[in-house]
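The following pair of complexes shares a single chain, chain A, combined with chain B in the former and chain C in the latter.
Right after this comes the complex of A and B.
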């Protein structure tokens, strides 16, 4: 079976600066893959490249049998192909209500009944969102906003969910909750590419992991093996 | 329904009907005042157009008057005697709307990647350029004199009816369709239709996409929205409505007037109306127009006449009499500026804010109770 997502020698950058110097990674169907690394390693840029928001300067991104780079698929079409992102910093629409935020996530879909059913599913998964469905998204707490961001990304019924720093700025207890949600989603069959600074949490939940340093993949292995690797432990797990 | 809910639902249609009934009041004096509302309706259309761009979509456009001018001059060129077109009203106004919308798209497309202040600067430049184009393209626009008379026929192939036969006597009703009160009712009708159209648009998929784009462009494109297309649709609709207003303005005045009617001041005052009333909220925008333009065009002349009476002028020493600062109109831009500063300090969301903004700027017990 071919991988759901295959990235080969991806290069990208901003203006005169190249950020990614040939990133290669794969995500198999049903897998959680974690990408860890320090600030500026190129984690977010990689995700933005996959979503088409940042243009690749070299290499290939093949998703679900389609070559996104060669076909020059624009950002707004990528979602239709089944690749949804919950961006860094959550990026909730602060003045839209919780319900409207969710509906906006289903923007590419036209089946009103299916969307309503998925809103219901999101409310079952995150009961707090049902309670607050008519409140402005900006009034939610950080943890609730992160739940909303994940639920919103799921509304397009993606095949692969890209999560950028879901633990950013959240209390440790909330982070645990968020990672439980990710594990539960994966148990239901969702493939996830997870970008995290919180390397320990990410590697605990993931099947495989990649370590990025200044735009290159320096390690890649099963997540459990990375957790045991003394070099990773020293550099990223604070031991 | 509670009385409050009834009021909220009914005040707009009620106001609309009351305004539509005004010309039928059998009093000539009332008619003279009512007549002055026509330009108010036209400038309300202009503000509603700007509101689509600035309020809904969040693109700070400082050159809306350019589209107003394009609409006016398109209708002027297509109807005056000096050109061979002489189209009837519906065709001319349609071309005016399409020309403004097309120019809106053409000038916005190259600037799609600009945001915030940078976009504002480009649109301001565009607004200034149009004024110079109108002034210097004398062969077509008659320069500072303006095109006139702009008196198109109501319908193609049919001579305009002489309405003297059907009008009631003694109420100051005009002879042709572009006279009071027929044109007054036409403008009011178009304003009503546009308001309805925009109300439906706000609640549509497109309307919500605009809001999402305004809130967060990155998140919006992660949701599969196409920001370029959305921005161009917003500017096309906004500029189109401004073009409609421009066409009506030229017909109301029976001339395009000089280019100064479409300059930066016009853009700014329209923007002030939108901000004063409540960015993104239709009734608020209409209220803003009513207050600011009403002050500017209706109240100022009345007060000016009052303060020019010798009784008032004689209160001041000889050398001050008759100077600009002893006229209300001399203070008008200062009044606008003061109004904006006070608004920004005490009520940044506008007089009648959109519900979303009110939530954000004053998250009070109402918001908490709702959850």
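Right after this comes the complex of A and C.
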């Protein structure tokens, strides 16, 4: 079976600055893949490039058999192909209600019944969102916003979920809750590309991992092997 | 101008308030175009007032084409046809023109520093004024009073009849033209509110305004949403131009500037980017302008408007209904 996502020698940047200097990675169907690395390593840029928001300057992104870079698929079409993202900083629509935020996640869909059923599923997964469905998204706590961001991304029924820093700024027990959700989604068959600074949490939940340093992949292995690697332990796990 | 009802100060005040409200509704309609575009692309579209002016000139052209040239056609088939036709033609024309300008001028500058599209908007304003000057010349042009009282054919040289007062006996004067302003502007604004609140495109507009990157990640075509915003803002200016022309019965190529400044001020006063704020701001400006003109002197009414704007912005920098600029993330 070909990989669900294959990134080959991806290059991208902003203005005169190149951030990615040839990133290569794959995500197999049903896998959780973690991408770890320090601030500025290019993790978020990689995800934004996959979503088409940042344009690739070189290399290829092949998703589900479609070459997104060669076809120049615009950002708003990427979701339709089955690639959804819960972005860094959550980027909730602050003055839309929780329910409207979820409906925006299903913007590309036309099956109103299916959308309603998926809203119900989201509320079952995150009961707090049901309670607060008519409140403005900007009024939720950080953890609730993260849940909303994940639920919103799932509303497009993606084949691959990109998660950017889901633990950022959250209390430890909320982080545990979020990672339980990621594990559960994966158990139900969702493929996940997870970007995290919390390397230990990410590698514990993931099947495989990539380590990024200044726009390059420096290590890649099974997650368990990375957790045991003394170099990774020293640089990213604080040991 | 109606004779002042100086005999009864309370009635006079009520009358000025009523005039202020009606003209405020007109400013509100134009202000909505500023506020919607600003809300979504953070551009003060300085050409918006002049788009309104071109809508007025087009409405006049429609009158001439249909053969409704003077007040004599008020109430006739030609007069009714002219009003109906301009209510379609002006919004469509202004919407199409606004989309075209966005596509040709603002969209290529979307990622440029904010000053670039702003200065370009001023440029478009001058181009529109040039078109207006070329189209109808430099002097005031009379717009047929198609909603005024019909003139009997045997009274061509007599003074025009006085329009009927719909509030006869209350001490207030409210004519059919005042009613027309209310009947066009309020349903238009109500429709806009419903559209923005409840339709998918309306929600996509709000989402794009609040976070364009996240909107892209939802699969929203941001360029299309922006084009739709320019279309709606333009259509509102078109509706406003028809109402204004039929109400004030004079058009010229410079009218866009002053009305644009009032409407822009209304949008800022209410909280730029905020739709109910623009309506509130428009009404406040209309009322202040009329009351100021009546009780302080019309030469002071503009100074008064901007003095109030300054005071409000000192205490509420985001306008009367404006959202806080920083949201919790």
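In this section, the second predicted complex is superposed on the first by the 239 of 239 C-alpha atoms of A that agree within 3 Å, B and C clash if a C-alpha of one lies under 4 Å from a C-alpha of the other, contacts with A are read in each partner's own complex, and residues count from 1 in each chain.
Here, a residue touches a chain if its C-beta (ideal position, glycine included) is under 8 Å from a C-beta of that chain, and two chains touch if they have at least 3 such contacts.
Nothing here was measured: the structure is a model prediction, and the numbers come from that model.
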Quick one: chain B and chain C on chain A, clash or fit?
-> clash
When the two structures are overlaid on chain A, which partner does A:156 contact: first (chain B), second (chain C), both, or neither?
-> both
Could you say whether A:53 touches chain B, chain C, both of them, or neither, answering first, second, both or neither?
-> both
In the superposed arrangement, does A:105 touch chain B (first), chain C (second), both or neither?
-> both
In the overlay, answer first, second, both or neither for which of chain B and chain C A:132 touches.
-> first
Is A:43 in contact with chain B, with chain C, with both, or with neither (first, second, both, neither)?
-> neither
Please indicate which partner A:208 is in contact with in the superposed arrangement: first for chain B, second for chain C, both, or neither.
-> neither
Which one of 2-10, 308-316 or 326-334 is the stretch of chain B that crashes into chain C?
-> 326-334
In the superposed arrangement, what residues of chain A touch both chain B and chain C?
-> 51, 53, 74-80, 84-85, 87, 91-96, 100, 103-105, 107-108, 138-139, 152-153, 156
So in the complex, which bits of chain A are touching chain C?
-> 51-53, 74-80, 84-85, 87, 89-96, 100, 103-105, 107-108, 138-139, 145, 152-153, 156
Footprint of chain A on chain C - complex, ascending | 200, 203-204, 206-207, 210-211, 213-222, 323, 327-329
Within the complex, which stretch of chain B touches chain A?
-> 205, 208-209, 211-212, 215-216, 218-227, 356-357, 359-360, 363, 367, 370-371
Mind listing the chain A positions that touch chain B in their complex?
-> 51, 53, 74-80, 84-87, 91-96, 100, 103-105, 107-108, 131-132, 134-136, 138-139, 152-153, 156
